[in-house]
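The chains carry the letters A, B and C, assigned in the order they are written, with residues numbered from 1 in each.
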């Protein structure tokens, strides 16, 4: 399995790690130790002591330093260098790989590739999460036993909402919508326009007339690897009212080839001070993703096994256009990165 | 692993699927969706949507049609053809494999091979199950983590009853019995004749004198793949009385190379209206098969691992005669079927 | 995986098997059945019937004979020969491998290699266990999911006590100790001398002045494969008092390549009649080994996976001197044994 390494991965929600707490999480099959120091800054080191490979997460953390719980070697959280070896000199080999880490948009972003290439301006813009009012923001983390691409495919083809999420998104408007797919460099922009449709079930109670005809536009902006912004706007036909809108992130961070950290959040422009409604949305997202998407996609993964979906002779339809293009971009980027590693610039034959 | 495909497999007891219910079960490593329509007829389709491989069993069933729960494609239960594609034309590739299915002798029989060869006259005769009075019929399903052949071997050598089922079948009469093994085409007929023996423990209470000497004949008729009829008759020596008889099926339907669906049933000619005794027999079969056979055979499987038993240098005895011949017939049929696939009739070099 | 076979393995504590009881345990990946007869003697046979590979441990034991629970063949516990075949002649092939077994030092020792080479004088001297008073002896068994060598490494570098067992052994004295490592043939002798140190935490309450400076000497005698004696003595500096001493065994018997039977015991020269203290020691050992060593070493194993630690580019330190030498001796012995098997003495090219 080859991964894209020169990109920012959302590893966790920022509040998954409180001050003086730690989190061990595998990202693109690398074990990582995250911890937050007293001042609130988060560090990320390879979770493996160079001495005998014990996980550092079983050790002791003091400020910017982690001490291996097995034989006491201490490592600096910024450089990964050994700063104390109770058993001898500070050998150069006694170093742990540090990873660039940025806290932004309520998420912890880790750079898994060449540190010199890490540029935080490339972190996808999910600033809606920063602006979201307290009671108009829901989020969650869901471990999923599936290839990250199956989970991305799911968001890049929202027609599944009509069948898998009948009670909340169903009714057929996603299936009937006009879909535009556009590549913008390495990003993908997908847009569903559904006109003259009854609102999706979850929005009907928010309208003066639940049966009124509406126009809805939904867009997904996909960034490799696996970060997606999803925005949706609905307005009652022929009214000047502002309408309903939500902004969402769906982030699929690979854990292994067949398991994924699914990080999601949602904000909205209505009932923004309604804490009870917000709690219902939080619960509803967990039900929709955990009770509807997850069983379907994990079952799909089970059928596919170790293979790549596209090697299993699926009969692709027009609705697979966006996901197929995203997979192609992803593959191109992975291959380019591998070619660059094998033939570095400046190398001569 | 090669399987026999051109044969009828008992997939389930008919009453495992009520009207409008479904069952997902893997047969010779193929995922199958079974469902019963409102009129009571059972369909069998490959349990895999051709679009993106989601299991159709997670979808919605309406009469003769199953709708994929992921993107709404609908398939006909008889032909497997796509009858509705909400996202475009009814492409020919959008088809699911249908399997011939016959409900007979309280069982659901599926044909896993070439549909044109499916002839329901080849379904083994288990009509005793149809004739069995309500309170003289017990049955069960037992999932077993073992190669189907180990389970067939078990029935083809009933001497194990003397040691593994001491309290019900023990006493040595199976060990001392005269055994005849006869091949009848692709079937195998095994017959144990035990003369002048005390009855097996489970039958002693049914006799006027439990210690009386008896003659017992037991026969097994084995059909590939893994369907066995077992009949047993016991009469007290030198009496004109009709004696005791039971008729049984032991069916070993492969799930995977190392797991098997074990379907069994029992009928009898005594206490035929005794519901309490019937319940005791039902419980007793579950204990004997689940508590005695299953642990032994699963442990045997664990020792063998991925290998074939006969490649593990077992020291075969006379009691292995029937099982060895059944394995040989099975192997011959599998190889013949493969040869026919590789060199179809009418092909020229 | 190649194992050392010509050596004594401690398979179990003697009292794990009461008279007429059995134990099925895998040793160097071979399934073994142990049982104790009415007279108290323990037998060890391969736990696999030669007929159809069923585990004999599921059968019936009568004195010196085990009867297979599947088809009733009976085997002699001393020779492994079939002594009764209800289905035919006593074929020579109907034999189970017997293993030399010696009960000594409260342990059951099994010889896994060439029986003619089994010499019980080579059983490591753990006679302290025989001499231990009733209330000055603790022991335990702990199944561990790790390569036996990782567990041996752990005892051969006691500096880990300062970090992993802080509350009982911590304080830094093992880290600061002078360490001597000496090879004595195929054995290894390691000695830690810590002078002018405060006693380790677990011993402080036993001293008149817990803060007094002390001298402590600890030694480990390592025998291949995986048997270690550990003795420790502490005396308050400049006092004539006898001081505190413990004697321990740490035995790592491979179950498979990645799992180990960890057998340990402890005796002491103080509070020898204190049953409550002894119970506390028993509990404390289970906590230290099960709650501190086991999670760390199993996590280490998980990081290493199927590889050999030394192939994972660990950065070895001076504290790894003893464990590296023990691994080298072990490898040399395994290779010599294999060479002897492939080129037996007296063979000519």
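Note that contacts are C-beta pairs under 8 Å (C-beta built on N, C-alpha and C of every residue); 3 or more make two chains touch, one makes a residue touch a chain.
Keep in mind that this is a model prediction, so the values were computed, not measured.
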Do subunit A and subunit B face each other with the same patch, meaning over half of the contact numbers show up on both, or with different patches?
different
Subunit B onto subunit C, rotation angle from CA fit, given as a multiple of 5 degrees:
120
Subunit A to subunit B: how many Å between their CA centres?
48
Residues of subunit A that touch two or more other chains sit at none
Complex interface listing, subunit A residues touching subunit C:
31, 48, 50-55, 58, 67-72, 85-88, 91, 93-94
Residue set of subunit B touching subunit C in the complex reads 153, 157, 159-160, 162-164, 172, 175, 295-296, 299-300, 303-304, 309, 312, 314-320
